[in-house]
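Each of the next two complexes has chain A plus one other chain: chain B in the first, chain C in the second.
Now for the complex of A and B:
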């Protein structure tokens, strides 16, 4: 899974789900950022990022996620995460990401709580 | 307060008519208010400069009534300037900055793009594409004291050729704010990155130590190291101390190995680090890894010297074991920065990876110990099964042979061996006595022994029919030798070169008291005559053990040959395995054949069962408290 590298977007009427596959480093992070910014600029400010297929994140990936949160805050949008491993969830809480974004066990609950 | 920057931007065409003192004041107040807001955001640690740079540029351009501009951020590791915000928005390549250019940039507060200082002509030539796209007229270096942080480039000034003095003062204030923002952002990014790294270090250590499978531990160690160091590749190689080799156990990503010249080795890529391995003058990545494992200190390798992973910037640290030995090498490759640039690993990175490698060592050893314990349990279970098989192959009771007494003894001592004895009745009224010792231990030895026994029984039943027709001694010799060849062929096909059996077969005719024997590499049995004299049976006409070589080789080395002895009343034949003569005492002396002769002579007049007990006791007495590792087997045949 980590050797693959992909981003899938599932857009609905009021929200969009971005699902990443692979190591969330600069390369995948930039792709994620670009897709998120496209959605935000297009007026979709209710986002879910599904990290189920991303088991590894580095500090650059974290900083990119923080930037997406900031962009959404500016537009009074909402970001929920789902599919986090226990370590990722602890990391997100420690890095204060969880203060500005919701964390949910699965995509369904993450979407329901937007 | 309304946002004056947008109306200003929108109405710049009517600048002259609206540029009143009141508007200027309003502009200034708005700009200062925006700057304060941005400053607070930065101080909260919840923002980074790249994100807010567009706002800084918008405020600067709006306040100074300039349509176009760009903010460039300097990256000291890459020694280049990166365009982080530009109006109009466009993507520009980073612009490299030489060391002397850096000094020159620090000396200036404003630089006219049309008339740059001589020392910066090359730099401005490299930035021409950006200058043309933005139509830059004025450059302002961003700095705090002697630290160069970036540049702001300003385009054409609206309705004027140059900035007024008060506007330059305002620009100085704005660029100072932007410089502070960059410096603060760098600090916050650094703190966040360190916080992340320390958390990951603390978080990953207990996690990897809980992994019980060596493969899982290797995978997690590499992945956590890659994440911890912001690298994009990593590998774990473990040492084989005896062979002085490093073997690849896990590489991330998988293509890391596929891209190497040694791809045919896959994940089993092996590097020999022995003393005899020559080290090239310009150390390659392979040389660096050898050095890391031999010296026990971290090493670096530049992409041009990386022959192992296809040109990566590598850092490798030794993985220490509990006993201070080096378990292996942990490698990370290509540390990345935001924007995808590859940056050298720092001294702090070495310390971090070194700390992680210590935890990795504990994790790897834990997993290895668990694996060993698991294997030991499996081996134990296999041994128990093998023991059951072996015990079932040894006769519980021995038959009564007219005119003879027979007694047997089998005693397991240590791991399951392959001792075997039997006393098989033939339809002719003759008897087949066999004793064997299969090499190796465990299930394989037990199965080989079972094969030998099955083959023996099968061959004896075939031989019986022939024997009935040809009872002369010569035919019997041939028949027994043929049987040995068949058993040899059977065992050779069943095992490996290391798996073979020493075997001694005796054919007893109780009517004539002729004992015809064949030795296939077994300890020669001892014949004690009634008068106390003795003889080793099969000592001179011994063949090689069964199953060691194919039949055609056996013929060229030493054919199996039979011989016979005439037994008389009171004669005793002591069959035994090497567990008897190689029994050791606490002084590390072997029991040896001489003691067996002496003990046998001492008890030769006892019944077979008494001889068995006496010999067993003699061996036990000799052994004392010393540990034994081979089974003890005795088979006694006594002519009444």
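Now for the complex of A and C:
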């Protein structure tokens, strides 16, 4: 397999951080979506997705992130992203993701702004 | 006369094979000292074009043919499939929208070409019932 990926979850009392590693395509995206939905269904609606170790994100990966944003909106939750490369941030802004989710340089500020 | 390198690559339409094409593009761009951001933009444009070919070409040979041409000041990539061609509604993304979400501006599908056009300096698409070639150029910017 060309794409080695991993997902780590750090849960706190009122929020959770999901950290992805690898190429965010349909395969990693589906795993990310499952983990996010588990958290949301369990009542955790304050989420940070840390993309610092995510080398590339394709448009299918972005569509899965949009689905997570929409799931959180239905439950009046919040999603913040951190660790984006300049190209990833530019792409998120182009695709209007930045209108509905926060973008922060690091995990600490992303959590603080939930 | 500028130093020029041409690389030809054929990848099968298997999951993640677009990474092999993206890696080749990044190596050539790094060889010519493109900055880190440009290298990532080139990789993303290659990935999106290869995914479009795999998802929509209906090509019988299930192959994507890629030609890289790098000079001192630009990288040109031509990505060809031998599929059925693409239509105007595929080009503007309207055929790929899927079900509407909560926010109309958060379109889930059909954004690959928009990304490619935004990240590359020139993009050209040639399509016929015998296949499609997407060509793009990324110019090296002064640091």
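The definition used in the following text is that the second predicted complex is superposed on the first by the 111 of 114 C-alpha atoms of A that agree within 3 Å, B and C clash if a C-alpha of one lies under 4 Å from a C-alpha of the other, contacts with A are read in each partner's own complex, and residues count from 1 in each chain.
As a convention for this text, a residue touches a chain if its C-beta (ideal position, glycine included) is under 8 Å from a C-beta of that chain, and two chains touch if they have at least 3 such contacts.
Fair warning: this is a prediction, and the values are worked out from it, not measured in the lab.
A.B. asks: Are chain B and chain C a fit on chain A, or do they clash, once the structures share the same frame?
C.D. replies: On the shared chain A, the partners clash.
A.B. asks: In the overlay, answer first, second, both or neither for which of chain B and chain C A:30 touches.
C.D. replies: First partner only, chain B.
A.B. asks: Looking at A:56 after the superposition, I want to know if it touches chain B, chain C, both of them or none. Which is it: first, second, both, neither?
C.D. replies: both
A.B. asks: On the A-aligned overlay, A:91 touches which partner chain: chain B = first, chain C = second, or both, or neither?
C.D. replies: both
A.B. asks: First (chain B), second (chain C), both or neither: which does A:103 touch?
C.D. replies: Neither partner.
A.B. asks: After the superposition on A, what does A:66 contact: first (chain B), second (chain C), both or neither?
C.D. replies: A:66: touches chain B and chain C.
A.B. asks: Pick one for A:7: touches chain B only (first), chain C only (second), both, or neither.
C.D. replies: Neither chain B nor chain C is touched by A:7.
A.B. asks: Going by the overlay, flag which of 2-10, 38-46 or 272-280 in chain B ends up clashing with chain C.
C.D. replies: Among 2-10, 38-46 or 272-280, only one stretch of chain B overlaps chain C, namely 38-46.
A.B. asks: Return the residues of chain A at which the contacts from chain B and from chain C coincide.
C.D. replies: On chain A, the overlap between the chain B and chain C contacts is residues 2-3, 23, 25-27, 56-60, 62-63, 66-67, 70, 87, 90-91, 94-96, 100.
A.B. asks: Under the stated contact criterion, what part of chain A meets chain B in this complex?
C.D. replies: Going by the criterion above, the answer is residues 2-3, 23, 25-27, 30, 55-60, 62-63, 66-67, 70-71, 87, 90-91, 94-96, 100.
A.B. asks: In the complex of these two chains, what residues of chain C are touching chain A?
C.D. replies: 15-20, 22, 37, 40-41, 43-44, 47-48, 51, 101-103, 105-109, 111-112, 114-115, 118-119
A.B. asks: Under the definition above, what is the set of chain B residues touching chain A in their complex?
C.D. replies: Its residues touching chain A are 46-48, 50-51, 189, 192-193, 195-197, 199-200, 203-204, 207, 223, 226-228, 230-232, 252-255, 336-340.
A.B. asks: Over in the complex, which chain A residues touch chain C? Could you list them?
C.D. replies: Those in contact with chain C are residues 1-3, 23, 25-27, 56-60, 62-63, 66-67, 69-70, 73-74, 85-87, 90-91, 94-97, 99-100.
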